[in-house]
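Can you keep this structure in mind? I'll have questions shortly.
Letters are used for the chains, namely A, B, C and D, taken in the order the chains are written, and counting of residues starts over at 1 for each.
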Amino acid sequence: MVIVEFLIKLSQGFGIGALALATGLLFGGIGRKIMARIQRRYGPPFTQNFMDLFKLLSKGSVSHGWAFDLGLVAGFAPMLAALMFLPIGPFTLLPSDSSLIMIVYLMMMAYLGMAMGVLASGNPNSAIGMSRALMLMVGYEVPFAAVIFSVYLFSKTGYLTQIVTQQAGGFMNWNIVKMPLGFLATEIALQGMLGEKPFDQAIAPAEIASGPMVELGGKYLGFGMIQHSVGLFLETGIVVDLFLGGAPNFWIFIAKQFVLYFIVILVDAILPRLRIHEATSFFWKLPLFLGILQAVIVIIQGGVLNV
Amino acid sequence: MKTYNLAALLVGVPLLMAFSIPLFGFISKQLAKWITVLTLGFEFFFGLYIFFWHIYPFNVIMGNWVPPFGENLYIGPFATVLIILVSFVGLMISIYNLWSANHGDVVHFALLFLMFVGGSIGLISTGDIFNIFIFMEITGISSFALAAYGPERRALGGAFKYLVISSIGSTLYLFGVLLIYTQLGTLNIAEIAARISQTTSGLLTFAGILLVAGLAVEAELFPFNGWVPDTYTGAVNPVSATLSGIGSVGGIYVLFRILMTVFGKDGNFVSTYGNMDLMALVAILGSATVVIGELSALVQKNVKKMLAYSSMAQMGLVAIGFSIGSKLGAYAGVFQLVNHSIAKAMMFLILGVIVSFGIGEHIEDMKGLWYKSPFLTLAFTIGALSLLGLPLFGGFWSKFALVDASIQRGGWYDFVIAIVLFASVVEAFYYLRIVGYMFTSKPTSTDKIKVSISPAVPIVAFSILIVAIGIFPQIVGGISWNAAHELTDKMGGYVLNVIPTIVGH
Amino acid sequence: MSEWTEIVDYFRGRSMWMLHYCTGCGAIELPPTMTSRWDMERFGITPMATPRQADILLITGYLAIKTLKRVIYTYEQMQAPKWVLGFGSCTINGGIYWDSYNVIERLDKYIPVDIYIAGCMPRPEAILDAFVKLKEMVQMGEAKGYEKYVKNYDWYKANQDKVLKRTSPVLKEIEKVTKIG
Amino acid sequence: MNSLLALLIVPVIGSAAAAVLQRYRLVERLITFLTFSVTFLFLFEIKIGDILTWHLDFLGKNLEMGLQITPLSIFMLYMTIAFGIVLTFYNLSERSKMKGFLLLLTLAASNWIFMSTDLIGFFFAWELMGWSSILMIFGGKREEESRHGALYYAMMSIGGSYSMLIGIFLLSNLTGTFSIQSNVSYLTLILGLHPWWVLGIVSLFFVAFMVKSGIFPFHTWVPHTYGEAPDGFVPYLSSVMSKYGVYGFLIFLPLTSGAHVPSVLGLAWPNYVLLWFGSVTAVAGSVLAFMQDDVKKLFAYSSFSNLGFILAAIALFTPIGLTAGMFHAFNHLLFNGAIFITVIAVISKVGTTRMSEMGGIWQKMPLTFLTFFVGIAAAAGIPPFAGFGSKWMIFQAMISHGLIFATVLLFFASIASFLYLMRAFHAIFLGQLSHKYDNVKEVSAIGKITEVFLLGALIFFGILPGFVLDPINSIVNSFGLKPLPTSGYEYINGFFSSINMVSIFIVVIVTFIFGFALFAVVAKHKKVPQEDNYTAGQIPQDWNLTPEMYQFSYDFYEPMDKELAPFLKVKIDGFFKGFGESVEYIGEAIKEIFTGNVQIYTYLAVGGLVIFVIAGWVVW
């Protein structure tokens, strides 16, 4: 009985993974298309990312040793694992464990694994890229944490499923209305999380030869791409669950995610890249201020738990 | 009044043997040294006998002239603990001398050494303030000569400085005694103590100041301690050990015998008769000594000089302990005195062994001693840690008691103890620095130091004693407590034991 | 199996990432090719930063002997399948440097070239044309220069040694070079 | 023999034996290991509530001293001794200069600290632990630096102890007893009447604890000392010895849980202040850590950053705060031990502590590399390893009080910990392998066993935290608080959600399997050496490029320095050093009194006498 249940969950998880990957790749392709149109180009077909991924997985590649391989898998697997706890529309694979902080930390493990892989290659460009990525992470995670904590206090729960449920009943119940400042901070942080301009210092192709990915080719780059696509789905999905009230079905969920991603792409299209320390300190100023202000407002409204 | 005239041997035997040593010296130089050991062994076991059979407190009456008319020795708890201490340290140093004193006039060295220890025991046990002066001169003269002993020229300079300052001290002391005598017409401590309130207050204060100043020389209190660094550094190591482990004990004993028994006014906290509280004066002197001693030691690079300064600072601690005036304070003082004598004497002896192997006295020369001789390093560390007041070693309990006493007294003693503790941190720094040099660095030459049996015996004995006191503080605790009791209860503890019929005022 | 190969080849042709080795003046033609006017991204062709990620090695001009060595090194660092585009006359016959003592005349003596783009300079249209041609060749399974390199490695190596005056392979371990993917 | 007494006596006997036999290194190490093991066996004999008292005839009183087992003390004892066994087992194969007899003395002191019912015994053990560890640090590899480190530690530690000593006597003079229990309850009693007075005394104690745990602003000794201590001792120093301060805090924290003190956000303000000390420590530790190039210093800062987390959590003194703090103390012991043991394994092989000189060691020491990886994953708080649960609970405990600023600071510290962990990970294990280290070998069999054990423990306690949380709950209960609900060994319960660690573990494992399967199915790869690397077309050999030149690890986070420069200007280290220097300067001046000229001495003596006479006789 347990085994049957496990198999059902396994296949569902596989489905979610495939869905998230497909959505992520599609978003990436649409993003490229939008970007091209903003730049008055025709742009690649929106299925371009699928083709790229297929090509990458079928192309030859080099490995610098088993740590390199392990790192890439360790970058890919926890991201997929984190996905299993995300409420997607009405559906959550493992609802009882969908604690937000846990998802955030699982995502960090993905970054850690990825970092292990690319650093094992021994290329200084990947080391520089990784150091930039980590410094940027110190930037955007802090305001994001402030927002997460204010949502915790506001909702009095840490389960993402319950946070979604509490927002049921129309637009006015969404957290974006109740916590606009927090949403703003999150949106800025999201720009950094997705590594789009002006926060794409880690992957600076012209300076450090695409940073962490410098030694990745073929399936390794493919794994990186999967990780990025799933991460895109996951990160936008978290924001949707946190602020946009989740969704009654999968399509609306994707639509809401796309709205978020669309904003990110627009910002990406018009801004140049900041220097890394400017980017980090930027996150410590406006977004952090907004996040903390939001938390203070929540606390003043009586958000403190009775302990 | 208990009497036990046989105890006159305590003073008589060492002096007699001292003056007969040249006779033995004709037979053999070794015999002269062994006579010292035997005599001091006798002293030590006599002291233990007195202690364990609870014979004390008692008087030794000379020629059946009862005090205050005759001269007497009074051996109370305080004297007992110090006699045991002094004879033990003396015994150990004399065993050490079997190995170390082998150049120059060995026979006269043994004579002087025995005379010094005998004088110190006399100083501790006598019941007459003029006899104190006499014994001070005996110890003084023998110690000047001892300090000048040795092949090094700097010994002469140190001895001369000691001679000059010590003479000033003796003179001041004699003036003080004179003033008291003009007032009361007696030299017996018990009688003076009982009638001290009959004196003119101003004159008494003046006498007290003279006495304090005179005795502070031997007790190594600032500003009368200028001789300490030079003399200790100049003298050969066993002599430094003797001066530090025995000489200063006598100085402190007399100082507080006079302040607390003679001048003392009973109360919760003993203070003195007269215009000013001499106990407070000594506390100030003690604090200044601690601070100056520790800070001077901090910047020293010569280990022996560092030990000398530290010795000074430790005596400051002892003085502070006594000057608190409570029973607990006196207890801390006695305890600290015991710990300091043992530890410091041992450290000087270790230094002597090290130096005899051609290693210098500079702190850099201590590098890598651990690799040359773990035994000496461990022993030195034990001594240092005991002086720092770290647990498992005797010093822990005395510092513990000292802080307790100070805080119990409260008031401005809180500041005193703050200063003391700060100075202790400084002390920890320089001692641990030496220990660090010993433990960390690899030596340039890796010749092992082979310590022969004669210097090893005292070092082992001292180490074991330090650790034993550290684990079982009761060893010193009980007798120190009795000594503290004697010091703080001047009528019951001292006067009535000497002259039962006297009426206090 | 051949259907699978066809599918793979189809997607490979639709997603070609390019490493441009800009040695000469030809590089000036690439920005218009990439940007709004000609927009090569619509064919799935994107510039890449490192040889590990790239499928196409685009050599845009004359190759001095010094640069040739780097080109070979870069080519060998790329992973199969990989294609080389020789851009401009210089890669075909030395161009205006035809008689220079330290410029090679024919690139395909040293590494296999799949397509040459003639002209001095070739216009962006020509470049795009080459890309499209390459795409077709890939999808037809015709662009197999990288296999030729492995098969005829001794010949290429001899030619390389002649100009580079060195005997050891650039990547040291010869069996690694002569093995595909 | 009474088992409580055995916990003190056995290490001391072992210590004596080790001291005598210290010439035979292997025998000494074996004795150390066996003594730890035997001590651990005696732990099974004792149970909560065991008590042993004796009387000490001292200070003229008949003082009652004693040992007692509380839930807290037994937790601490198990934790520390078990870790000691692992460490001494590991050290069997290491050639570090650790002196076993000092470690065993520290063990005796440590056991006494955790069991003592009276302040005399507590202080005795505290000082014993202090000096034995100081002497141990003298054995470091670099002579000058280790001496400096040990002395720095000694000064801070002894200063702290004296502060505690004064506190002890101020207390005992009030209550007339040295019993910890009665003193604490007395303080609780008079807290309402004389809050300032009580806080004054308690803060005297806290200074000692803060020094020992390395809490800001008394943290300055930590990097100097950890960085220079003998390799074999550093894990003990950072994992075990830093917990003494935590234990000390826990003794006195129940005081302020009464409602007599003004409160901030439902938190008694002394707790609030402590919490801020903890938070600042966490941040300062993290920030300073990622700027280090010396690996031992880096993890020294890391260690005190984690102590900041623990202090912040226990300062809350709520059930969840206490649970989180104790849990983190346990986890810190575990992952810090794993990290430091692997780090010293590497150091002993490569012979340097500078990370910029290492790199690529993973190829040579794969097991060490994996252990380190799991260790840093746990340190970063990544599920499903030990370390996640406690950090997550700390955040919940903080935020449930509405302490948003402190929480964000802590979260910042937590994220910054990624930076320094990755830096160490990269610089030591990843990246280019220098040819210097071509002959480096994996650790010996003993080392491998240790590492596998630690690896297993990190995963085991990560997925089954209940084995730690159960004893912690009884600790919480013993403090009179209501423990968190328990629902099974695999659950971590918090305010906002409860997490099933086993399910996370399974999910992660399944995804890993899936990942490897996918990895194996798609196109093949070929293995290339690390020299075959992207170099923008340059051929490394032609340029005499060596692997170490191609390794970027020096000044890894240089851009960050610019941003943090204003904060780094605050140099507390400089304050303590400057203080020391000025003391030395004064000493230099005072020394001049003793010129060696007898005339001066005479003038001094006579001058002193004259002043006394004038001041005392005439004026007084």
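The rule we apply is simple: a contact is a pair of C-beta atoms (placed from the backbone, for glycine too) under 8 Å apart; a residue touches a chain by one contact, two chains touch by 3 or more.
In this text the structure is predicted, and so the values were computed from the model without any measurement.
Asks: Of the other chains, whose C-alpha centre is the longest way from the centre of subunit A?
Replies: Farthest chain from subunit A, going by C-alpha centroids: B.
Asks: At what distance in angstrom does the C-alpha mean of subunit B lie from that of subunit A?
Replies: 77
Asks: Could you grab the centroid distance between subunit A and subunit D? Build each centroid from C-alpha atoms only and quote it in angstrom.
Replies: Their C-alpha centroids are separated by 35 Å.
Asks: Per the centroid of Cα atoms for each chain, what is the distance between subunit C and subunit D, given in Å?
Replies: From the centre of subunit C to the centre of subunit D is 58 Å.
Asks: Can you tell me which residues of subunit A touch two or more of the remaining chains?
Replies: 58-62, 209, 214-215, 218, in rising order.
Asks: What are the residue numbers in subunit D that touch two or more other chains?
Replies: Within subunit D, the residues that touch at least two other chains are 523-524, 526, 528-529, 532, 534.
Asks: Hey, what residues on subunit B touch two or more of the other chains?
Replies: Touching at least two other chains: none.
Asks: Mind listing each pair of touching chains for me?
Replies: Touching chain pairs, listed by label, come out as A-C, A-D, B-D, C-D.
Asks: Of all residues in subunit B, which touch subunit D in the complex?
Replies: These residues of subunit B touch subunit D: 157, 160-161, 164-165, 168-169, 172, 202, 205-206, 209-210, 212-213, 217, 222-224, 226-227, 229-230, 275-276, 281, 291-292, 294-300, 327-328, 331, 374, 378, 381, 385, 388, 390-392, 396-397, 400-401, 403-404, 407-408, 417-418, 421, 424-426, 428-429, 432-433, 435-437, 439-442, 473-474, 477-478, 481, 484.
Asks: Mind listing the subunit A positions that touch subunit C in their complex?
Replies: Checking each residue of subunit A against subunit C gives 32, 36, 39-45, 48, 51-52, 54-55, 58-62, 205-206, 209-210, 213-218, 221.
Asks: In the complex, go through subunit D and note every residue touching subunit C.
Replies: These residues of subunit D touch subunit C: 523-524, 526, 528-529, 531-532, 534, 537-539.
Asks: Show me the residue ranges of subunit C that touch subunit D in the complex, using the header's touch definition.
Replies: Within the complex, subunit C contacts subunit D at residues 21, 50-52, 69-71, 73-74, 77, 170-173, 176, 179, 181.
Asks: In their complex, what parts of subunit A are in touch with subunit D?
Replies: Result: residues 10, 13-14, 17, 57-67, 69, 72-74, 76-78, 80-81, 84-85, 94, 96-99, 101-102, 105-106, 108-109, 111-112, 115-116, 119-125, 127-128, 130-132, 134-135, 137-138, 141-142, 145-146, 149-150, 152-153, 156-159, 209, 214-215, 218-220, 222-223, 275-277, 280-281, 284, 288, 291-292, 295-296, 299, 303-305, 307 of subunit A touch subunit D.
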